[in-house]
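Order as written gives the chain letters A, B, C, D, E and F; numbering starts at 1 within each chain.
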Amino acid sequence: MGTTYRHEQILSETAAALSLKDNLQGMCHLRWRGEPLPSQEAVAEIINTCRALIFPGFFGESGVNRYNVSYRTGVLVERLYQQLTEQVAAGLCFVQEKSKMLDMPRIDAEAEQIAAEFISRLPELRRILGTDVLATYKGDPAAMSQEEVIYCYPAIRAIVNYRVAHELACMNVPVIPRMISEQAHRETGIDIHPAATIGESFTIDHGTGVVIGATAILGRNVKLYQGVTLGAKSFDTDSEGNPVKGIPRHPIIGNDVIIYSNASILGRISIGDGAVIGGNIWVTENVAPGEKLIQAKANNILRLKQQ
Amino acid sequence: MGTTYRHEQILSETAAALSLKDNLQGMCHLRWRGEPLPSQEAVAEIINTCRALIFPGFFGESGVNRYNVSYRTGVLVERLYQQLTEQVAAGLCFVQEKSKMLDMPRIDAEAEQIAAEFISRLPELRRILGTDVLATYKGDPAAMSQEEVIYCYPAIRAIVNYRVAHELACMNVPVIPRMISEQAHRETGIDIHPAATIGESFTIDHGTGVVIGATAILGRNVKLYQGVTLGAKSFDTDSEGNPVKGIPRHPIIGNDVIIYSNASILGRISIGDGAVIGGNIWVTENVAPGEKLIQAKANNILRLKQQ
Amino acid sequence: MGTTYRHEQILSETAAALSLKDNLQGMCHLRWRGEPLPSQEAVAEIINTCRALIFPGFFGESGVNRYNVSYRTGVLVERLYQQLTEQVAAGLCFVQEKSKMLDMPRIDAEAEQIAAEFISRLPELRRILGTDVLATYKGDPAAMSQEEVIYCYPAIRAIVNYRVAHELACMNVPVIPRMISEQAHRETGIDIHPAATIGESFTIDHGTGVVIGATAILGRNVKLYQGVTLGAKSFDTDSEGNPVKGIPRHPIIGNDVIIYSNASILGRISIGDGAVIGGNIWVTENVAPGEKLIQAKANNILRLKQQ
Amino acid sequence: MGTTYRHEQILSETAAALSLKDNLQGMCHLRWRGEPLPSQEAVAEIINTCRALIFPGFFGESGVNRYNVSYRTGVLVERLYQQLTEQVAAGLCFVQEKSKMLDMPRIDAEAEQIAAEFISRLPELRRILGTDVLATYKGDPAAMSQEEVIYCYPAIRAIVNYRVAHELACMNVPVIPRMISEQAHRETGIDIHPAATIGESFTIDHGTGVVIGATAILGRNVKLYQGVTLGAKSFDTDSEGNPVKGIPRHPIIGNDVIIYSNASILGRISIGDGAVIGGNIWVTENVAPGEKLIQAKANNILRLKQQ
Amino acid sequence: MGTTYRHEQILSETAAALSLKDNLQGMCHLRWRGEPLPSQEAVAEIINTCRALIFPGFFGESGVNRYNVSYRTGVLVERLYQQLTEQVAAGLCFVQEKSKMLDMPRIDAEAEQIAAEFISRLPELRRILGTDVLATYKGDPAAMSQEEVIYCYPAIRAIVNYRVAHELACMNVPVIPRMISEQAHRETGIDIHPAATIGESFTIDHGTGVVIGATAILGRNVKLYQGVTLGAKSFDTDSEGNPVKGIPRHPIIGNDVIIYSNASILGRISIGDGAVIGGNIWVTENVAPGEKLIQAKANNILRLKQQ
Amino acid sequence: MGTTYRHEQILSETAAALSLKDNLQGMCHLRWRGEPLPSQEAVAEIINTCRALIFPGFFGESGVNRYNVSYRTGVLVERLYQQLTEQVAAGLCFVQEKSKMLDMPRIDAEAEQIAAEFISRLPELRRILGTDVLATYKGDPAAMSQEEVIYCYPAIRAIVNYRVAHELACMNVPVIPRMISEQAHRETGIDIHPAATIGESFTIDHGTGVVIGATAILGRNVKLYQGVTLGAKSFDTDSEGNPVKGIPRHPIIGNDVIIYSNASILGRISIGDGAVIGGNIWVTENVAPGEKLIQAKANNILRLKQQ
């Protein structure tokens, strides 16, 4: 009994310590009652609804036919409008000053405007994703059909999330695009920053470990393998040691470029159209169009007899 | 109100556009009413049932004892038969021509046949997985017990999924093996194609980023570290630019081979028995039995004094 | 009907085979009725409760304010105590000899003791995690705010899990720390062994594929990029071929070290304070304080014109 | 341990006894693999879908507006078609001889036919239910609005279930109508047999304990209070003591009749148009149009001074 | 196929018919986007929270102790405030003119005011419910303890719902009180109108079929048995045939009255203090204090020899 | 803001008031940490398991066949053993003195003993329930088959719960039997005290409002209709006004008795074999074997012409 009593005291004291203003400082999301916080579950639902709208019958309810596709699309579009409005509003609140009293009606109206605008871009988004599906199918001898690519390939999941997140990022929605891309990161190991710019017919093979930075620009028909990094070499900091935001620091990749597994392309360099970058190398200087870079095996590897 | 009205119009128009036959082309899974579509959730359940059957008491309901193990096994075997029959049938439908009227009774009978055949192989599957568990335990100084390996190690999860998927792939089940291996990919970052051939006493350490291609062949007692790729160097395309399917294009790995982290072994090359491949290297030529390849540090790394 | 009958026979025979003592050997967790088995779901709940306690308003229920923070903290602390007690007890059972009759009251009391002790360390854990959040924010030009870092960054999720798991590992709790770190591994692709020692202001960028071994020691203000391995070069085995446990075999990293993507640091070597290790390299020898290692491009890469 | 062992033996023996053919006789639903069994949950879903279709915005998803009502109705109609087809087929199987091999394609086709036919009657069903809502509103001074009646009154729930079940019963669907009426019985204490015939503008106040038998016929504008029984006085049995099915044995109630609480009207008698039956009485003979029956208080009740 | 096509046409036509303005008239809850509709689930949650607050440890989470009761109460009070605010606002919206644009901020503020006011009455509500629990325990020889009464007796569930609903009804909250009392009705078969007035130490035995009307007034220490109706004899209608609202039409029951099973007390009559009403009788005239009414058996029952 | 602040103060003060020892007195279930409280959900699960065991294929998983019935029974018997052990232990704790430190190992052992004993009685329970099913089928011309009776009839649900609860009550299990009978009460409106004694071939038609008291004794082949009360006339109280427990106070009903709707049989009287009691009457004196009691219509009902 003495033990139980001592433990209860520890719990009480710890609860008190954890509620102290000092210990809470910067670790706590305090708000006036009622402002919405973005929700991981709701953002996951948005992606599910987008997938069901873009690939009817593959995602969402199965059994799509000529009779019901328009009814279902109508219901899904409306659901997406509501889900997006709510999460975009939550995103807009997330970046406000904590001490400020928020003008919720204005924020809600802005969120509705963004949601409607996003939805109007869906048919075009579907068209572009069609080019990504085709490129993925053509780029993989193991792919049996485009249907299999849509239904099973992690790259398509990651690219759908990226293209959705990118549209929202272009409309300056805070936090939500990042959450969308992190969900793809978690699901596929592919980490594409929503602010990156990526052309049509994009594909990634296997994908685990791919990183594409915020200011990267990729042309049409680019193919990446697992573990490829399109990253920054370094970044400037201001007088307080904080990084300076928004400076272009990631590579520009041309059209029809292939980059093999675990290659790292770093800094604001250009990789020309049609270039091929071999695996496991580290590139920090421009590559000309059509050029092919590979690991220099002769110098690079020692062949030993084992003892 | 005017805004709301305008938004409703956008939603209506977008719903209509997304229902257009042209925009839907190739992105939509239209079927006669009633054909089953493979289900990610159901496939996940199949894996759970397999794990509960292979490792009783670790997965599925706990509290296995001498009295109940046979009852529970009986119930689980039956459940697996039903789950597999349903998903295998869905897989068989998935690859049919869309315009075809399917002969469901024949498909169901084939699926039942495959499910029963798969189940009859479970005792042997368990024996082989026992060798994988032992190899994993022996290969990791941080492993406390074989029990910990079974219960906690992502490699075991990935290998169970692979061995299950491989059996189904060998019986020509479409799509489902791929879904099973993608679920392991998502959970562990280990991407093993179900068509690959892998011997007993197989183990992977850490595992994130490992890729094993469809035509790879691995011997007994192979150990891989995280980030290892057993991939293709390139592939042939036919006159329409589609990749030619089924050509051997991934490496053959002998018995007792160790491949360290982030090494890439590419193309239809042979790595001889007992070879060791060091980390972060790129291998596209045969390696003799017993040979050891490592990064040539002297040439490879510059040591600088920082400014 | 004949088919159905034959299938039922296969199911019966397989169920019988899978219940055989020989086939079960080593694959089955048999216990006296009633000992608890650690639960993946319960361990995930523990992490959720820790996150809600450490970052109130970000995780767990939203809408924290001055009025309710102490009530909520009190309830969460109590819930954590119960959840931890139960899982720690399950962990303590997991490593007992199978044939032994367990002294559950003693095990429960030990688990309660550990749970209370862990909880008393939470305020300090929160303080340290605050330094990690700040380091992450300062190290990423794409980060908009510390709030975004807490809410969206996979590195923070992985580090929270590590710091929680490490505390439990220091109190010799079996299995549970490993399960906690594997959950982060699954979620983020970052694999930090709970026994590793890591200083304040730690950060990881992108993170997929990072591996930190059990005996690694990291100083203050270390930054890792995706794919970095802090691993072992080899390990000793005893006369039965089992690895010898507990020998220091992973690197010691000093303060203020940066290690770029896909670098592998292997063996019990030292990386001095302020060192910088470039990407995609393989380091197995000491690096002096302030030294900078990079891939030697000139020797390392061939630039070819494509045919 | 001895105890545990003895208990396990009891469990084993009881499991064996409960699996004996004799003890199972008549208590067990044995079928060839695969015939569907009606599902309480699925039937509850059918009722939910019907309510959402008949009263849009009150039941099912809220937020109906001019824009979305047709989309939502389309989706709900399709869902109802699928739900009904499945459960009607299960009902048709339920009454087949156990030893018979069922012709599932024929049963499915019949079920689809019935489902489509039922759906085509929904607009008329909604119109009739509109008269029931109005009658309920006009009959209760405590009702604030027709909206409150639709949303809160148990009588409306019971009457919706009855009218849906009755349509299915008229199409000779087995079991399912009974399940639908039992669900209302459970929810409201109102037990209306699906075979009963009930005119428009029907209402029940409070309702708990109301019973309406299978061959009862009710005219327009009938109002019942709680505890009213429209039952049978007795029934014929055949030579084996089984009740003879299908003989009219419940009352015929005219138009504009009111029956007060706990009255029992028994046997194939007629209650004329406009009659009023007082509470707590037992009626087994015809009542003329316009007649009013009440408990004869003078003879019926003793007034005593309490000691 | 022809059949499938004909069915699809039926579905389409029915969907269209069900979306017609005329068929929808009065059956549809159309609103401007966004007004909340009361939710059965949310109202059930409110009751759960109230039960957990009033009877800590019996309802809601178990394991209350001296240490945690205040934390838990704080969290529950806050949760109730939020749940109530939301549902009260929805109730206030429910009764607004459909065509009106609602002033949501004003409605929300009113709802918050009501929620806070309700919460402030909880300690007194708990005190009164304590008298009901004691009366129920003292009135039932089968009751083993007050704990059993609180935990198992349907009467207590019904009375808690009534007392909560009554407080809200007194604050003129629309619809929600009715929903709360209907939930008790469904759960227990006891139908108490929230507007009824009921004194302390109230109890109901068994309870199924009890009805207490909106304008009934019950004194202290009243005991009812199953099937008792405290109802109206008739009601006035206005020139359009609608019932006139708000006229006192149910009985006034004094203190210390017992009413046995299935008795019906009808109209605005008085039952004096200490009166006893026997079962199965129909009372429409005043009963003096201390009087006892019973069925006059001699005249009332025929004893026959069966043939 | 002022309002929000005032509300927060109200919440704080109410939370404090509700945590006061005085206000909590008798309303709160305070216990030493860890004693289990009976759970409504767990008790519902026990009933589900019993139903699945007694009527395989009707309840629980469908698709029972000759192959799987023994496996499934084995698993269900074990599950029931665990569920019962846990809830019986919780019931045994429920009635202990609050201040007492409980001897949990002893309580658990007793609970296991009771659970095993209960299970050993299941085959006989199934046999008796078979007689109830047959009697219900023979007693209802609307019943289509015994299968329909088992699957749809509320009486069977209520009788299963009663017979299960009665067995537990005979073994002196506290609280749990009452919870089981209250769940049937809620589901069916039939309230049978678990302590009542009821012979084979028992049936209830419709059932809402039926009450059978704790000391009632019913013979073989008794049939009750809705609203029948087998109750107490009055009960003795001790010097403190508490009812004296355990005195026989409910009727003894012979074999082959029928009691029609809403009849009340009160007090320790005897209803002889083969008697028939008409509806809506109030019986407080013995009825001889074969006697038939009915409402005396001539004196009892006034027939009026309506104005």
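As a working rule, contacts are C-beta pairs under 8 Å (C-beta built on N, C-alpha and C of every residue); 3 or more make two chains touch, one makes a residue touch a chain.
Every value quoted in this text rests on a predicted model; they were computed, and no experiment measured them.
Minimum number of contact steps separating chain B from chain C: 1. The chain pair from C-E, A-D or E-F that repeats the B-C interface, sharing more than half of its contact pairs by residue number, is E-F. Taking C-E and A-B together, the chain pair joined by more C-beta contacts is A-B. When chain centres are set by their Cα atoms, the one at the greatest distance from chain C is D.
Of all residue numbers used at the contact between chain A and chain D, over half are used by both chains, marking a mostly same-residue interface. If each chain is reduced to the centroid of its CA atoms, chain A and chain C end up 24 Å from each other.
Distance from the chain C centre to the chain F centre is 51 Å, each centre being the mean of its Cα atoms. Between chain C and chain D, the centres computed from C-alpha atoms are 57 Å apart. The set of chain B residues touching two or more other chains comprises 4, 11-12, 15, 32-33, 63, 65, 67, 70-71, 74, 78, 189, 208-209, 227, 262, 280, 294-295, 299-300.
The touching residues of chain B, counted against chain F in their complex, run 63, 67-68, 70-72, 74-75, 78, 82. Taken in their complex, chain E has these residues touching chain A: 8, 11-12, 15, 65, 67, 71. Interface of chain A with chain C (complex): residues 3-4, 6-7, 10-20, 23-34, 36-38, 94-95, 174-175, 178-179, 182, 185-186, 189, 191, 193, 195, 208-209, 211, 213-214, 227, 229, 231-232, 235, 237, 241-247, 249, 262, 264, 266, 274, 276, 280-285, 287, 290-296, 299-300.
The part of chain B that touches chain C in the complex is made up of residues 53-58, 62-66, 69-70, 73-74, 77-78, 81, 109, 112-113, 115-117, 119-120, 122-123, 126-127, 129-130, 133, 137-148, 150-154, 187-189, 206, 208-209, 225-227, 260-262, 278-280, 294-295, 297, 299-306.
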